[in-house]
Structure formats: structure tokens, C-alpha cells
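The structure that follows is given in the form of C-alpha cells.
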């Protein structure tokens, strides 16, 4: 039982690391990045390419993945998303085209990776082991523990930064009212790039950690996580750090215990049922802002 | 007619994808960002398959059954989600689509579970598909003429304005969901009849992505946009067989370029050019731009034109 | 119920209408009575509730209490689109035209949904459109797109659209916002002409001078209530009204 809780907690942490960046970008600068999963996967793919030439310590693998993720995300923002938004006269068209752009970018990244790996899975050649730790009768791998700790640490740090720092204030302002934010001197473009860089960093970080944790992932792993991220974010409320934390863990726990309870076939429906019900009953989720803009 | 035989699959796909694209295009034309078409496509396929295999109905009754069931499901969905806006509606409809996949995969006695349905040997010829496509296109074209097209555009551009003109906005939105269901159901049913088999994951996230890009890159203002998108994404891989393995990358590049340079879709860009040409023609006419007299008296109008014409131009 | 001042039967009335949101009483018991082919005005500073009153009349917001009556029949629970079908037309604070449609098409939108219980033939529709075009002087720009016109002209097109539906009452929500003096005078002149031809209008405006010059009867609102009503000249002399927002400059500039 405790073991199951631990497993669910690790799963939740994975969802959290993956969804956090997406929620931040969506809730503040309003970019819903459909290529977030592809960034997650491709960062890991890049490390795979590097380690196929020379094995590296696990920590380095993860750091490189995070950096690749940040770079990819910044490129996407400056070359595609930023341009789309600058050119758009109307908010809804911009939203749609950012989504389409993301779909295209994802296809490009997934296409490259699939071609190189013949759609098979890939992992890292690390110089470390992933020891199984045991205490009080619970078994957990070092990497699983790391994932959990990193996810919680980043959440706390992010929540504090958003609440206390000037950058965080700027981010929150843009999230509430982008036009007023501009009038107040906030450089939205720079903020967007910074936010996307951080989101990409988190995606790459998650990719690196998960690849080590699962030993291997395949080119479409990221897309599968995308839908889970939607569920976690919508349940928790777009733009809320606490929301995405709660959302990720609730999702993970419900899924884990459904599988345990023998109704595993329906477990994948959990995410979607959550999205659907939350949107109908309380669209802003647990901790989200009430939507200021009426559509 | 060898070419037709050799390309029967993309030809069939052109029709079924066209119908699927319309199921996305029509709600978007009213301003509803609904992605439910894929799920409804699946509902149409499965209902017609069940009617054919389990109730032993003939081909066309089964197809009709698929259309009706999908239309009703679409309507019910609309009743539940229509008041959601923008991205939230998109999310809810994606969730609906994925729930359809899970139901199809788990209701095994009815749907064949994850193995799906097979042996649905419907008697649907290519010329059937052709006629159906033409009829559907004509119906959509009719909705793009005159008063109906104005009213739909009002609902899309400005719901409060539409209401103030007497248009029942919620009725229009529900109708959009109904139509989306009908046309998606038709597409799904026909596709099952020509393919003979189907599995749940055919209607998953992958198809959502395809349908969305086809509809938006083609242009959501008109059925013509849906057709343009369909032709591009169905036939490009066929003509670029050289691209073969890199198909996904090429597809991705096209989509990104479309998002950047054709924000209203290819058809939307064509319409935009037409409008700009008309505006330029007007500006070229050096008569009255906007100095309009309250009393439409010819002599006074002319006098005002000459006097005020120059400084009233923006 | 008679229309204020004219003694004729009222076409549109609000009876003790209140709109409360949570703790805020945006409108708190307002009764107005329109009819007799006159121009009525609602004067009030920002936050006085006049925009909410208009939203109540057009059923875009729920009534906390009170009644809305058109031609003697209550419509307080009607849906927004049903308001237009009774013969109440309105313009918005910012001009709302369909950007991708010509001026003619925009005006024609006004005839697309005929008043309740009637059916219009296409000839009748074309006549209504032509009539609206004639009354607003928009004949020369029918083929243009809204973006090509000045703001004042766009406003005219919007009024033409409202007229095309052959309304019994026309509500104008701050029609001159963002206009220069010349454009304002044009709108005022058009309103007077429409009144003379036979149309009841309700004007909500910030420009006090324009209200005084154009309206036949004024209502003054503040904090959701009526604080005065009557002939414009006397309403602006009323000390409560003055105190509410006219300020001391009124005497100097407009006596």
C-alpha cells in the first residue's frame, strides 16, 4: 500500500515537472504550446545522440537535456509563436495559429527523432547506476526520489518567486491584463521569451529524468504526456502553481489506484473525464482565476 | 481509368477527410473552437458498423444510422459545452474525443474492444462518395449565401451584436454542433464501409491533429477552405513519394509556414487579397469617400463633395 | 401608462427596474416611459447605472426586480434576441459592424430577422434597406468596407442597419463617443430628422450639451436611481442634478 502511494507520488512528480512549464506559459503569457511534449522528447533525444558517442554521468545528462529544452523553446518563441502573436490582429486567431504552429513544430521534431531511431525507443548511456534505495520496507530508486524532490523543490521555489519577486509580479500582471501590463512598462516580448525558456528548461529536465527513470522512451512519449498535462492544468486551474501541483498528484493517484483496483482499461479515461467534468462544472479549476476576458 | 484504380485509397480518403474537415470548419465558422468532429466521426463509424454487423442492416441504412446517432450525440454535447469559450471549449471537446476512444476500446461486446470492428463489407463505390461529396458541398455553399451567411458571420464576429439583430445565438450554436455531428458521422460511416475495419485508436489524438490542421490551414470561413486543406494533406504525400520517410517533417514545416503566413488559412488569404483589391479600387475613385449629406439632395451633395472631399479623406 | 410628457400611450417602459450584482445596486428602482415619437435622454456620470439600465432594457442582464413593458406587454423574461424581434433596435458604444462585409450587407443584416409574427418578402426587405439608406444618406458608400469609412460614417451605417429593421424604438448608447464636433452635430441632426419622420428614441450620452440640444425629455440618473426628469432645460437647472456631476463650470459655459 505504502509502495503504491510512493509510486503514485513519483508518477505525480513526473506529471508535475512536465506540466509546470506548460501551465506557466499558458497562464501568464498565454501561449498554449502543443510542442511542449516534443521538446520534452527531443531534449532527451539530443542527449541520446551525445551519449551514443560518449557515456556521461546522469547529472550531466539531465542538465544537458534541460539546456536543450530551454534553447528549443526560445527558438520556437522567437521564430514562430512570437511572430504569430505580433502579426495577429485578433486574439482568437492568434490562439488558433499558435496551436497550429505548435502542432507543426511538434511534427518536425517527432519526425526527425522517428526517422533517426526508426520509431524505436532510445535511452542514455550513463556512467552511473540507478540504485534502489530501501527504507522502512519501501523500495524506491535513486532517480525516482530525485524526481520527487526536484519537482517539489521547483514548485516551491517557483511559487515563492512568483509571489515575491518583481519578475513574478510582472508575470502575474501580464497574465491578468496584457494591455495594461504593456502600459506599465512591462516588456511582454522579453517576458514571453524568458517564460518559454523556463518552460522549455522544465520540459527538458523532465525528459532527462524520465528517460533515466524508464530507461528508454520513444518519439511519441511526449505527446502522450501532453493530454495528462491538460488534465492536470485544467483541474488545478490555469496559471496556478499550487493548482498544477494538486492537479498532477490527484491525476496520478486516481490513475494508480484505478489500475490497482483492476479497472486499468478505464484508467486512461480518468484524465479526460477530469478535463470534461471540470470544464463543465467549474471551468477555472480549483485555484484558477475567474476568466476576465469574455469570449 | 487505371489512375483511379491505382489511387482509389487517396480518392476515398479525400471524400471522408473532406467530411471530417467540414465537421471542424462549420463550428469554427460560427466562432466555436470545437474539435469534437473526430469523436463524432468515430461515433458515426461505430454506430454504422454496429448496425451493419449486429443488427444486420444494409449498407445505406447503416450509414444513415451512423449519421443520426452522431448528429444526436453532437447536439447533446453542444447542450453541455456550448457556453464554454475559446480554448476551454477546445479542451472539453478534445476530452470528449478521447472519451469516445476509451469507450470504443472498453465496450467490447458492442465495439469489439481494442481489436475493433472488422468485416464490415459495405457496398460503397467511389461514385457514391463523389455524389455525396458534391451534395454536401452544395448544402454548405447554400449556407454561405445571402442572409444566412450574414447571420452566421454576425454570430462569429460579435454575439451581442447578433442578438441585437434578433438572431438566436444559442440556437445557431447548437445547430452547429448538430451539423458537425451529422457530417462527421457521415464521414466516419462511409470510411468504415470502404475500409471494412476500424480500431479505437484511429480516432485519437493523431486524427485530431490532422483534422485541425486540415481545417485551419485550408481556411475556416468556407467549405472551400476545408476542401483546399483536404486536397493538400491527402495528396501531398502521394505526389511527394520522394519525401516518403520525411513525410512528417515536411508536413510539420508546411503547417508552421501556414500558421505564420496564412493566419486565416489559404482560402482566407485569397479572400483577403480580393478585399484589398476592392478597397484599393475604391480609394482610386476620387469621389466622395465619406462626406455624406444628411439630406440626400443632389445639388447639395455635390457641393459638399467638392468642398469637403479633400480634408475628409483619412 | 403614458409616455412622460406627451400624454400618449407608452411604447417602451421600465417599471421600478432594479439590477443588483452581489452587493452592488447598479440600478435601483428606475421607471421610465418612452413613446410619442420623441427623443428621450438618460443623463448620468460614469457609474450612475445608465449603461446597466440599457443592458436591462435589452435583456442582456437579469432583473433583480421590476418589469419591462413593450406596447403594454411585459417582456421581462424574454431572451435578448427576442427584444429585437419586438421592434427595439439599438446601437452600441463602439460601432459594431461586420468588418469583412460591405456597407450594404451590414445594413441588410438589420432585415434578416423580421419582427415577431411577421414575414417579410424580399421586396419588402429591399424596400426597408433602401429606405434606411435614404434616411441616413449612406447611398454613396454601399460597396465599401467599414474600415474605409470615417468613424462618423460608420456610425451612420450602424444607424441605417438599426432603421432597416423598421423599429418602433431606437436606443442609442453613447453614439458620439470618440467623435469630433462636426460628427456629433451630424448625429444630432440625423436623430432630429428621424424624430420628425416619426420614431421614438432613447439617447444615452456623456455630452451634456448635445443631450440638452437634442432631447425632448431628459431623465437624470445617479447611483442607480432617477434624481430628476423633465424638459432638458429644467433638468439641468435642478440642484440635485447639478450637484451630482455638472459642477460649477456648467453655469459659465452653458447658461
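Just so it is clear, A, B and C label the chains in written order, and each chain counts residues from 1 on its own.
To be clear about the criterion, a residue touches a chain if its C-beta (ideal position, glycine included) is under 8 Å from a C-beta of that chain, and two chains touch if they have at least 3 such contacts.
All values reported here derive from a predicted model rather than from experimental measurement.
Q: What is the set of chains touching both chain B and chain C?
A: none
Q: Using C-alpha centres only, name the chain that sits farthest from chain B.
A: With centres defined by C-alpha atoms, farthest from chain B sits C.
Q: So the centre of each chain is just the mean of its C-alpha atoms; given that, what is the distance between chain B and chain C in Å?
A: Taking the average C-alpha coordinate of chain B and of chain C, the gap between them is 39 Å.
Q: Rounded to the nearest whole Å, what is the centre-to-centre distance of chain A and chain B, using the mean of the C-alpha atoms as each centre?
A: 31
Q: In whole angstrom, how far does the Cα centroid of chain A sit from the Cα centroid of chain C?
A: Whole-Å distance between the two chain centres: 51.
Q: Which chain B residues touch at least two other chains?
A: none
Q: Going by the contact rule set out above, which residues of chain C touch chain B in the complex?
A: 58, 60, 79-85, 89-90, 92, 96, 98-101, 105, 108-110, 112-113, 115, 134, 136-141, 143-145, 147-150, 152-153, 156, 161, 165, 186, 189-190, 193
Q: Applying the document's contact rule, which stretches of chain A touch chain B when the two form their complex?
A: Per the stated touch rule, the residues are 32, 80, 83-84, 87-88, 92-101, 103-112, 114-115, 223, 226-227, 230-231, 234, 265-266, 268-269, 271-273, 275-276, 279-280, 283, 291, 294-295.
Q: Please give the residue numbers of chain B that touch chain C in the complex, ascending.
A: 147, 150-151, 153-154, 157-158, 160-169, 271, 275, 278-279, 282-283, 287-290, 292-296, 301, 312, 314
Q: Touching residues of chain B toward chain A in the complex: what are they?
A: Per the stated touch rule, the residues are 31, 33, 80-81, 84-88, 90-92, 94-96, 98-99, 102-103, 105-106, 205, 209, 212-213, 216-217, 245-260, 263-264.
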